[in-house]
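All remarks here apply to the structure that follows.
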Amino acid sequence: MAKLIRKRRHRPGAAPGSLHVVGNGRDAPVQITVIDYDKESLDERTVETIEDLARFRDADTVTWANIVGIHDLAVVERVGEIFDIHALTLEDIVHTTQRSKFEEFENYLYAVIRMITFDTEETSIRTEQLSLLLGSNWVLSFQEDPRDVFEPVRDRIRNSIGRIRTSGADYLAYALIDIIVDEYFITLEQIGEEMENLEEEVLGEPDPGTLERISTLNRELVLLRRSIWPARELIGSMARSESPLIKKKTTVFLRDAYDHAIQIMEIVESFRDVMASLRESYKTSVSNRMNDIMKVLTIIATIFIPLTFIAGIYGMNFEYMPELSWHHGYFGVLGVMLAVGLAMVMYFRRKGWF
Amino acid sequence: MAKLIRKRRHRPGAAPGSLHVVGNGRDAPVQITVIDYDKESLDERTVETIEDLARFRDADTVTWANIVGIHDLAVVERVGEIFDIHALTLEDIVHTTQRSKFEEFENYLYAVIRMITFDTEETSIRTEQLSLLLGSNWVLSFQEDPRDVFEPVRDRIRNSIGRIRTSGADYLAYALIDIIVDEYFITLEQIGEEMENLEEEVLGEPDPGTLERISTLNRELVLLRRSIWPARELIGSMARSESPLIKKKTTVFLRDAYDHAIQIMEIVESFRDVMASLRESYKTSVSNRMNDIMKVLTIIATIFIPLTFIAGIYGMNFEYMPELSWHHGYFGVLGVMLAVGLAMVMYFRRKGWF
Amino acid sequence: MAKLIRKRRHRPGAAPGSLHVVGNGRDAPVQITVIDYDKESLDERTVETIEDLARFRDADTVTWANIVGIHDLAVVERVGEIFDIHALTLEDIVHTTQRSKFEEFENYLYAVIRMITFDTEETSIRTEQLSLLLGSNWVLSFQEDPRDVFEPVRDRIRNSIGRIRTSGADYLAYALIDIIVDEYFITLEQIGEEMENLEEEVLGEPDPGTLERISTLNRELVLLRRSIWPARELIGSMARSESPLIKKKTTVFLRDAYDHAIQIMEIVESFRDVMASLRESYKTSVSNRMNDIMKVLTIIATIFIPLTFIAGIYGMNFEYMPELSWHHGYFGVLGVMLAVGLAMVMYFRRKGWF
Amino acid sequence: MAKLIRKRRHRPGAAPGSLHVVGNGRDAPVQITVIDYDKESLDERTVETIEDLARFRDADTVTWANIVGIHDLAVVERVGEIFDIHALTLEDIVHTTQRSKFEEFENYLYAVIRMITFDTEETSIRTEQLSLLLGSNWVLSFQEDPRDVFEPVRDRIRNSIGRIRTSGADYLAYALIDIIVDEYFITLEQIGEEMENLEEEVLGEPDPGTLERISTLNRELVLLRRSIWPARELIGSMARSESPLIKKKTTVFLRDAYDHAIQIMEIVESFRDVMASLRESYKTSVSNRMNDIMKVLTIIATIFIPLTFIAGIYGMNFEYMPELSWHHGYFGVLGVMLAVGLAMVMYFRRKGWF
Amino acid sequence: MAKLIRKRRHRPGAAPGSLHVVGNGRDAPVQITVIDYDKESLDERTVETIEDLARFRDADTVTWANIVGIHDLAVVERVGEIFDIHALTLEDIVHTTQRSKFEEFENYLYAVIRMITFDTEETSIRTEQLSLLLGSNWVLSFQEDPRDVFEPVRDRIRNSIGRIRTSGADYLAYALIDIIVDEYFITLEQIGEEMENLEEEVLGEPDPGTLERISTLNRELVLLRRSIWPARELIGSMARSESPLIKKKTTVFLRDAYDHAIQIMEIVESFRDVMASLRESYKTSVSNRMNDIMKVLTIIATIFIPLTFIAGIYGMNFEYMPELSWHHGYFGVLGVMLAVGLAMVMYFRRKGWF
């Protein structure tokens, strides 16, 4: 299960704009890869020293620098200096418990969004913070972990598929956000499958483990919703932004991504409805089983308790009990018992108990 | 049951505007039928090659081209070229998991809406995506499946019923959307009947199958709501649109369709309320039955357990038990048992248990 | 119980503005009564032929024509011609499943609102559609059924009570709507009483019939809400309308009616809350009764089962059982049984079970 | 318990603006007290005839006329004539089932607000309608009942405490509304205490009476919310009003009262949440007790039923039962029984049942 | 547990703007500490007499006066005079049951916000009111209790960390609010941990104490939400404020704090969802345990009741019972009993009961 709340590791009251490490991946070295391209040329490389980034800043080509690992504050600070980033943005980049948001600064736009993956094994969502900075002709992306979902975008750049090589940095930023939103669909599909399995289980053979699976999935859905909800807002703000850094023709694409974000929220909401219904069904199913158990007990007890009573009567040791000496007394009593038993059975059958 | 989420079949991160097949009906050939009409003339035909569509584009008459089957990407792309359709629109047409929406482009309006049918047998809603493009004097409709609900509109064109032959392409687009919304009412009526059957069942003779039927219907209602909700928005945007492609006198009709869409949403919401209440009633009904079972058990056990105890006492083998040798001991004990039994029965009757 | 959804009887896809009968009362002939009045004169009559209506259209006096029965399409169409009514309005008049709404046309205003009565016998709300058209100095009202709630308004016109004779057609339209809203209060009062009865029943002596009554009332409340909710909107639009057909001093009265409509919605919402609470109480009450039943069973069984066991021991037929031959064995055992029984009773009393 | 809906006593369809008695207190005579003051002078008296009010109307001093008892329509009508009050306002004054609201007229402002008291004995809220009219330098207050909460305001006027003697009629109107809102806090405190008592009861020793107390309190909370909610709106409208009758410096105070009204609504909402949680806890507590009862029954029954069976075996009368003649047969069987009993006890202990 | 509502200690209807003690800490003397600083100089001291504050009012340096203890009305009033504070503000400062809010006055801005700490021992939140007044170059903070969370801010001032020494009074006010919001995160983390413990408990070994812990935590969450919700609004108003007292570059920081406040609300909402789910799980878990108990009872009773009946039959004392004299009668009956018992066991196993 994912944590209900991710610990912020810095002391409250630290000076805003001061950098403290919060995220994971503390041991690995920071990796910076750069893809620099325009319509004709393409240059993909791993940057050795941060200073190498400086020359991309004012180049005419579109530059995408992907910084993996944000625990090395010196690196983040130096990148901030090179690209003239506000102290608060740098703070947001390294504090990886941010809410998805979009902020406009004079020389760049800042978007922070959560990448989400679903671990089917552990029924647990995992989120990672992605910070995206869009300048005039550069995009910086900061991520905690080297694993990412951007490979298809890299392929499109490498192979010049679609309009990505002929469009600007804003289209690249859109492409990165779009693929993250697409990943949300994958997560929802996985959760949807999990829910359909649970549905079958609940209506078929629920066991106590089912309750735990429902609880866990429900909880992850709550956390998922908390992660995804602000993303909708962020993309909406971005699509409505009037910053010159986002060209009008890219806005059409952002509106499309926004529609996807809304669709995702609607799916999440309907999942919540289905989960609530699932839980109710489980509860009623448990009640139904209790009913079945009670029925068995009641049928057995109600048939045999009176019979045992009859047997008890003729087990009494009174000296004068006329029936005991009757020749057919025994079989007569057996007959009476049979009649009583059958009457009970018929009564239950008429009540529809079995 | 319908799937909770329909799988998108394309890879995440595919270039936006690139076409990948997502919908059903992959094997059937694409069928294009054209109805071209004005006040006097009417021309209905099946188009052999796509190129035949080109001459309708700038004709004075109103043209409705209905393209069935969207899996042949070449066809969709070629139609897109002829009518000058934006790449993103084409992508939306072939990805049949769209949320209903309305988009304005310079030379056309694009509406995507879900057609819904309810399969009473399987208690399952089926949805199909309809893409509608409205140009100056043409309407393109893309659907996955040859079955459609448009026959009454075709009849009205053929037989010149109402104002359809004297109105423009915008009225035709309205007529198509209106009939889809009318179908929503049919679906709701079917679900309403299903719910009334369930209501009777719950208050009459609920069985475990009832729980499953409630769960299933509830779930389909959740999915239905997700499908219908955005339609309201789409028709609203269309009615408020200031595009010259929609004439003012058509707006009155769109507002009427919008009212219907709101009415549908209100019905869906009230259905959800009734479903929730139904589920509660089912649960309480199950509890009531458990109560009945417990009552029977308790009455029988409580009457006979003390009696059996009395019989047990006189079944003991003590040498000195004075009652055993009394002449009326046996009948005296029988009398005591009867008295105890009757007292119990009266106690239960006073408690109102039977 | 009212139907969850009222069937629309026309085929989907019929040409908008074409007339098809949907409402009830098909057999009765259409009745048209006219009240024509100004400050001094009053003329109340039943109209023989529709054409008689024409001369009221442009008269200086205020004319209220009440058309009962809307199944005779020819009548509705002819009235439409005389008063120059839009085809869509005529369609709305005859399709009696409309959502309450308010629409402005150039020469008239159109309001459709549901009249509601509550059948206490069957715990069922009944709704009837009222169409109201307000022209410069005429009001047309279309209703399905001859029974109506307008008699007090007629009396006020006849006896010149209040400002109705000195005000225009807009005030008349307000008066008709106001009386319908007043009837909503009556319905709510009846439902409120029903709920208070149910409250007493639930906290007193609930039986399975209680569940059914709760379910039915809840369901009617859902339907009532669906009928009333849009009325609020309609009156609000009317009060905010800037049409010259509604004079400023009538607006004050409409705002008053709007306040009533809001008050009604708030009462409905609070009724829903109380219903939900009622249902919960019923459920808990059922659980409490189950508890009581279980307690009786447990007390009886727990006291007598051990005693029966003791009796069973001394009913065994072993040859060597020393206690059997003790002189006070029998009474000793009876004493032990009494002690065990009393200990149990004291244990239950300490647990507070009785 | 308070009624779910207060009966309106006038016939539906009565002419708006016509006066019909609705409120309580029909028998007592109408009492009119006047406090007339400015910075220096103070005149407090009971008015004999209504006509005495006329001279206060245009006086320079601030006049507060408090009319207790609104059943004497002649009085209300005459006051209306003197102060030039709209017919609809007079109707609202005498119909004491109004929703709280604020209305601006040319020469006065009209506020109707509900005074609320909580009867701890009967766990029932009582509401009374207060109508407040604010003119240029007069305030009229109409109330049903002589008991009121205004004494502290009268004291402040009499003893010239705070700014009340140096401020205008608008400040007086604010002071009256403010004290009513302050009373809401008292009511909430009383309900809060009641809830805390219930909380303890539920987690301690709930009995069936607890359910009734929860239901009643919940219901009163629903009614309280319905009464208070519109008050927030009324004070908000008043604070935002641009009428010259409310001076700018009074607006600051009204905004403060508005903040209090919002705080009250938030408390009511949180109370509802706590009530819902309380009800849930009660239900679970009932289930837990049922569990305890079942455990006792199960432990006793499960231990003794097998033992009784063993005793039953050796109570059989077969001629050839070798164990019966064994010398240690009896004690052997007792030993077996003890072993079985202890095994059961250990099994339950391991299951954690006691 | 925290109180559901904090008692206001003043009489309703007291003159607004008049001061009455409401808060805690009545016995301790009022403490006033001043930190006066600019870029170069720093002066931290405890003020002896209030009059000493006067000279800081118009100084060029930034002054932060922290007044601990608000029960000494003379002190608050005198401070009000020195800094020219509105009477209503002074009233709000001493009435410590305020809702968080932000108000603009001509010469200062007033923010009241609740500081929250969570007492893990008692599972109880504690709130304390902080009043913050921001003037041109001074900040006044009023708190009830000497304990506070501002030490890190003081350290930043003392050690000149970050921009605090070079920024104005508005930045100081932001820093104080920011640290309070940061403390909210701490509280949420503690509650989150508590919830995760409860989750484990519920799915593992719930006991009646679990219910109490869930109830208490839920209730504290309701109160927490009520305290935090208005803070979001307050910071939002402050960030949107156009007062010249807040410089534009500080607004960026306030927007950041606002984002945090929204994030906090989203976490609280998701916690509520998780709590609701937790409670449901607990209820179902209780039902599951009841099921287990019932199963044990049913299995034991259902196996042994028929067997005891058989034993009872052969314990009857009829003279003519042929089986009794059969040589293998006894062992035959034992065999039959074994067969019946095994059949029962197999039946339960097939039903999956153990």
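Miscellaneous remarks
The chains carry the letters A, B, C, D and E, assigned in the order they are written, with residues numbered from 1 in each.
The rule we apply is simple: contacts are C-beta pairs under 8 Å (C-beta built on N, C-alpha and C of every residue); 3 or more make two chains touch, one makes a residue touch a chain.
It should be emphasised that the depicted structure is a prediction, and the values quoted were computed from it without experimental measurement.
Listed by label, the chains that touch subunit A and also subunit B number zero.
In this entry, subunit B maps onto subunit D through a rotation of 145 degrees when their C-alpha atoms are superposed, rounded to the nearest 5.
At the subunit C-subunit D interface, residue numbers used by both copies make up under half of all numbers present, so the two copies contact each other through mostly different positions. Spacing of subunit D relative to subunit E, judged by their CA centroids, is 26 angstrom. The mean-CA centres of subunit C and subunit E are about 42 angstrom from one another, to the nearest whole unit. Chain contacts: subunit E has residues 283, 287, 290, 294, 297, 301, 305, 308, 312, 315-317, 321 touching two or more partner chains. Chain contact topology: the protein chains form a single closed ring, every chain touching exactly two others. Considering their complex, residues 1, 3-5, 7-8, 11-18, 86, 88, 92, 98-99, 101, 103, 205, 208, 211-212, 214-215, 218-219, 222-223, 225-226, 229-230, 279, 282-283, 286-287, 289-290, 293-294, 296-297, 300-301, 304-305, 307-308, 311-312, 314-317, 321, 323-330, 333-334 of subunit B touch subunit A. Of all the residues in subunit A, the ones that touch subunit B in their complex are 149-153, 156, 161-164, 175, 178-179, 182-183, 185-186, 188-189, 192, 195-196, 199, 202-203, 252-253, 255-256, 259, 262-263, 266-267, 269-271, 273-274, 277-278, 280-281, 283-285, 287-288, 290-291, 294-295, 297-298, 301-302, 305-306, 308-309, 312-313, 315-321, 352-353.
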